[in-house]
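Only one structure is covered here, and it is reproduced in the block below.
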Amino acid sequence: MSIVTVILSRAFKAFVTLLAIAVLNFCLLHAAPGDPAVVLAGEAGAADEQMIEQLRERFGLDQPFHVQLGKYVGSVLTLDLGYSFRQGAPVAQLIAERLPATLLLTLTAFVISLVLGIAFGVAASARVGKASDSLLTTLALLFYATPLYWAALMAVLIFSVWLGWLPGFGYETVGAGYTGLARAFDIAKHLVLPALTLGLFFMAVYMRMTRASMLEVSQLDFVKTAKAKGLSGPAIRRRHILRNAILPVVTLAGLQAGQLVGGAVLTETVFAWPGIGRLMFESLAARDYNTILGVFLVSAAMVILFNIVTDIVYRLVDPRIGAKA
Amino acid sequence: MSTLSIEHLSIGLPQGADRAFAVEDVSFAIEKGEILCVVGESGSGKSMTANALMGLLPPGVTVKSGRALFESRDILRLPEAEKQALRGARIAMIFQEPMTALNPLMRIGEQIAEVFAAHDRFSQQERRDKALNLVREVGLPDPEKIIRAYPFQLSGGQRQRAMIAMALALEPKLLIADEPTTALDVTTQAQILKLILDLRDRRGMAVMFITHDFGVVAEIADQVIVMREGRVVERGIAAKVLTDPQHDYTRRLLDAIPTGKLPPARAPREVPALEIKGLRKVYRTGGGFFRPVREVRAVDDVSLTVGRGEVLGLVGESGSGKSTLGRTAVRLVTPDGGQVLVGGSDLAALSEEELRKQRHKVQMVFQDPYASLNPRQRIMGALTDGPITKGVPKAQAQARAKELLEIVGLGADAASRFPHEFSGGQRQRIGIARALAMDPELIIADEAVSALDVSIQAQVLDLLRDLRERFELSILFITHDLRVAAQLCDRIAVMKKGKLVEIGTVHDIFLNPQQEYTRQLLAAVPGAGWAKAGAA
Amino acid sequence: MWKRFSSNIGAMLGVVLLLAVIAVAIFAPIIFSHTPWQMVQRPFLTPFTMDGLPLGTDTLGRDVASQLAYGARVSLLVGLVSTLVALLIGVPLGALAGFYGNWVDEGAMRFTEFFQTIPNFALAIVLVAIFEPTLASITIAIAIVSWPPVARLVRAEVMSVRKREFVDAARLAGLSRPRILLTQVLPNTVSPIIVMASLMVATAILLESSLSFLGLGDPNAMSWGYMIGAARTVIRSAWWLSFFPGIAIVLTVLALNLIGEGLNDALNPHLSRKGKA
Amino acid sequence: QQSGGRLDIVVQPEPPGLMMGLVQNGPTQLVAGDIYESLLRYNSDLEPQPSLAESWEISDDGLTYTFHLHDGVKWHDGEPFTADDVVFSADVFLRETHARLRASLAYVESITAPDDTTVVFQLKEPFGPFINAFETGTMPIVPKHIYEGTDYATNEMNATPIGTGPFKFDEWVKGSYIHLVKNEDYYLDGKPYLDEVYYRVIPDAAARAVAFETGEVDVLPGGSVENWDVPRLTEMEGVCSTGAGWEFFAPLSWMWMNNREGPTSDVRFRQAVMYAMDRDFVKDVVWNGFGKVATGPVASSTNYYSDAVTQYDHNPDKAKELLAEMGYGGEAVRILPLPYGETWQRWAEAVRQNLSEVGINAEIDSTDVAGWNEKTSQWDYDLAFTYLYQYGDPALGVSRNYVASQISKGSPWNNVEGYENPELDAKWTAAAGMVSAEDRAAAYAEIQKEIVDDVPVAWLQELEFPTIYRCNVKDLVTTAIGINDGPRDAWVEE
């Protein structure tokens, strides 16, 4: 089975899943108490029945539930995410404005956590039983047990308030007029704390997994074969153990990379990062259905996308898959 | 001077191991061009000796005393870097399990060439060419393709050849082979043994060959040492040890081997206990939205009968469909076509519910004594679940269970224990007791003794023979070991690729095989010549 | 098994820690004469400055130590109950999928995949927001987002156990399929489930605290996340208000993880085999 | 005064839109108040000041309001601003979109533009507070040439608002900031002084405090950091704060008590709640001493306030007595806090604790903004926190919460508690129609005295939201709505 057919079949399934998610979320949100028209009216500082009726009509809320659902599914089918009445803009546009920030944050956190996690995991497994191994595993356990938002608060406190080394929030220096490299550097500076705190937990996960996987693989017969060939320890670890040990880590990482997009709400809140997690959270309070649904769909699509990417990576790394069938 | 001489080697085990020393005061020597076989039961320290020579002892296991002289250096005491330089270049090793001994993610060619890289020999291109030559030398087909293949694309025998190619890459003086053929079926085993003999002759290496199979010893050994619980109990020229063992333990080992000696033929049975007619089973794997379906005809139009009180042996190489046939007979597998008649009623046609009521008529003794008992259930439960479901009152079922445990030689108190508290042979007997508890008309024994050590194997075979006499049991005895089949069976059926190729009495099959395939099977049994000689 | 577990220093440390937390949770009303909501002293009292109020007071002058103790109740309760609910959903689903295979499996796994595709923290937020933050809705939301891995694990385990020969033996003994699943297969999947459950409790505690931090906690139940969420605005002037509950979470989650790892080592036959290799 | 410079102001939460004719909530007004203008502004004594209108007259019968507009005013897109724009805004656009103004416009007979710079509002009957209806948030003037004949809500220009104000819209990076630049063509010479204004979106209160500390932002409008941070921030060097700029809104907080059903329908229970609460504690601890304990429905900073009413002090015993007298049997009472952050949450907790101390079985109902709106406007609560702006006059911002005609499901801004008192209703109406200030003062004093004894709602506190800013920012707060009027006069001292 070629990679193309894999992608095609996955894309088809993904589409079905996404539709189902759209329907489920639509039902869920509409079960929620709170009426977007009332919220919007309430926010205006005054409201009367006439205004609320107007709003309801504009949102299409005056129609029966199944009609609303049908309309929504219909528009999703044509890749139209609808219109946010609260923000007065198409949902697709709102998300497109926010998505780059989220992707930047999560991908950076992802890469950091994966690279560091694997590096530390390999290091720990190479020193298994020694003090440095214990130190690394204990640290990983600690990161693992620390609530993300708490770590974030503490990081801001230490690194931006007390030490003043790094900006504590935001995406870039507003109105500084940086362009090109200077801007990239500025964004990078803003990225450090959120990406690190978000990455810390996952780093711990990958590290523990890499270590365990390395240890497990190093028990396998082919490692003994490699030793019998006269290869040196580091060469064995690099060429034989790591390559095999990394497969389960890749799988897990693929699963989590997608989840990171939706899971960045906390980090985005603490660091005022203008991403879609926050967009969702804020839209939720306003019952801005279309926007929440849009964010959900997009992040679910991310999950699926990452899963497909993982699959492909897996296929590239492991010759056994794909050839089996 | 000997290629390798080991003097007073002792290897200590970590605390909490079953004994203090894995190997104690072992001395032996191997000459150039000589094959030394190290035999002994599981756990006797064979592998530890080999590992010590390679400097690959597991953590916690250390060389306590003694030396091993190789090229006039004590290789046990060399610094790690020098050991590393020696490994693969001067001393090479191949392992038992060809399926897992190769890195699954690396191409065969790369893995062979890596030996050169590890020792910094040759250029990239030369390494490749040499790898290709080696692949050719060990007789792998289509070498160009093989070096680009991944291990999973090779069969077990082919992988073992690739391993050997790796071991030979730098023309070592000493080759250590730790049970290199145990995991292979007989025909492949024969090919590998021949390859090793060939290479020894061509290159003049010394070979230390570890095995627990005296058939293999008879086939290739020049010298033999016999180990037991870490000590050498007997040594000598192969032919001499095999024919005239001095040590009691060696003798016991040799006695336990099923010989080619055929038991007296018994009268054929008339009343059928099991009739199989035109049975077919096709496995379809894969399949899905875009995937093609792959079909394996595991059982292809097989018909045979097992008479009441008869033992029918079912032999054939691995994958020939023996297990599938057996499992279809008890309807653990639903056949695609054909009939399975037990006492006249067709099991294959029953519904799930009706079938449950008929289950007790045919029982099975499973191949793997570890896997076939629920680790979380006491033996009593395992033995009484079935009868109670069948309707036997609980007390009666329990009494019967105890009785059966006595019969299989375990004692009634075994009932209250858990499976992990028994040895492999004991568990196999529990499996037999469980089958008997259902008062079956027929027992299917699928490789029921294959996983056992020779001595325990002999005990179980005795038990089966005894039961057949006592209960008029019919047995379908599935095995890949022709010698075992010869011991127990009245008739033997031979399968190949899902088809029944030959069926006949033991005497017919062994002494006068009709099919070429059967002849090949017989010839491939290691030490066949020696066993026959022994029987004569 | 207990022997192997008890020889693991980390695991024992985890047990001791967890027992301590449980004890504090159980005896909170005995240890403290006032509820965590009672305003007992002036606000922003620094820790270790006044007898009887070892951890100081919060923004309203309430006893932080008492809040911590009552918070342990909520955190543990939510952790345990949500894990239980997740198991109640995941185990049967995974077991049926793994045991019956075919379309049951296909259906169950599509369903599971579906839930795994929805970003789970976001889903939890939406669920809690929609059903309004009460202990029950929080617990259920956490359970709903955490059962899919259970289902997958149980399915995989059941599938591997199902292939073991003792299951065939049970079929030959004439046992019915549901009975085989219940008495033969499931008991053999218990160990990994226990290990996973212990880790899930830890994750659930973290999730609850994250929700509380976002303002989605039950305002009538004092929990650690609630404390941190409430204290984050004063983190500069009253570090102890977020520090102590933070430490409490870290320690509890750590303890559960240590126990989980210890159980894994003790129950996983894989590792014991390793020792011999 | 110095020209140039930039101001970074926190806006919280992020406004849903900037078209003030459509959205008038706090954040929108904070930002869009720089872009849009109305006819008048009000100083801290709530006296009208010129804005788009240079001068104005009110006829003696209180029925005709004539405004003379500034000459040469231009919209940000260069089109000239004329009296037609005012007529279109007030008579057409806002009538359709602005519920609060609609209530005042009900008194208006006609709006006409005799010439390009004159607008005349003709009233049907006298309406005392009408002069207070010309604040930006109440009557933002929108460009006729852009909106006439279009669907207002979906007009594409809503994304790039065009006003007459001192600052022009430049860019809005959602979730991050809104950038406004100086309107070079502004009709007041030399103004504005600032080159640009950034409104910064920082969703977390603690982060906002940090942003101010680290110098990222210069101004924290009232309510943008939690109260506990206020003393710490104001004690910093070079930091000033002011409580001014809220006179017009005069936010007053209270708890609606459901007058329809449950224990709260009993006046004794409501009085007991008043006595049970330690409102001074809340003012001192939760609000850090800012604000004042409320005595009744009218805020002390607005016109016609009277303190000659029954005082409810913290008196648990009295509360218990009242409860015993009514025979309160421990029915559960749900408190709905305002979902506006930690301060309000703590406040609800303190109230719950106070109530439980006198034996009231109270628990907090937690919900988010949408849920709060839904529950209050559907009357699904027992006690519900809220605060409302008073818009400078009891007739605009107070009476709507107590008269029976304002009982209507679906809005959280009317008589949500369901209080019905026909006698008082008549007095409210009469007071609104009086022309002379003394008459009105007397009438309102009477109303206040009576209503306080009835306790339709539990008045809590007059809120004060200090604006915190760097001292080198001058003239930041110059009107009764503070920085909501836009930093037209502000300048930065180098």
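As written, the chain order gives the labels A, B, C and D, with residue 1 at the start of each chain.
Throughout what follows, a residue touches a chain if its C-beta (ideal position, glycine included) is under 8 Å from a C-beta of that chain, and two chains touch if they have at least 3 such contacts.
As the structure is a computational prediction, the values presented were derived from the model and not from experiment.
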| item | value |
| --- | --- |
| Chain whose mean Cα position lies farthest from subunit D | B |
| Two chains sharing the most contacts, counting C-beta pairs only | A-D |
| Subunit A-subunit B separation of Cα centroids, rounded to whole Å | 50 |
| Whole-Å gap between the CA centroids of subunit A and subunit D | 39 |
| Computed distance of Cα centres, subunit C from subunit A, in Å | 22 |
| Shared-contact residues (touching 2 or more other chains) in subunit D | 204, 206, 210, 339, 367-368, 371 |
| Multi-chain contact sites of subunit B, meaning residues that touch two or more partners | none |
| Overlap residues in subunit C, where contacts from two or more other chains coincide | 129, 132, 232, 235-236, 277 |
| Pairs of chains in contact (touch as defined earlier), listed by label | A-B, A-C, A-D, B-C, C-D |
| Contact set on subunit C toward subunit D in their complex | 37-39, 43, 59-61, 129, 132-134, 215, 217-220, 229-230, 232-238 |
| Residue ranges of subunit B touching subunit A (in the complex, touch as defined) | 54, 56, 84-89, 92-93, 95, 97, 100-106, 114-115, 118-119, 150, 152-153, 163, 166-167, 286, 289-292, 294 |
| Complex contacts: residues of subunit D adjacent to subunit C | 204-206, 209-210, 225-226, 228-229, 232, 281, 285-286, 337, 339, 341-342, 345-346, 348-350, 352-353, 363-368, 371 |
| Interfacial residue positions of subunit A with respect to subunit B in the complex | 1, 5, 8-9, 12, 220-222, 224-232, 235, 239-240, 243-244, 317-320, 323-325 |
| Touching residues (chain side subunit C, partner subunit A) in the complex | 113-114, 116-123, 125-127, 129-132, 202, 206, 209-210, 213-214, 225, 228, 232, 235-236, 239, 242, 246, 249-251, 253-254, 257-258, 274, 277 |
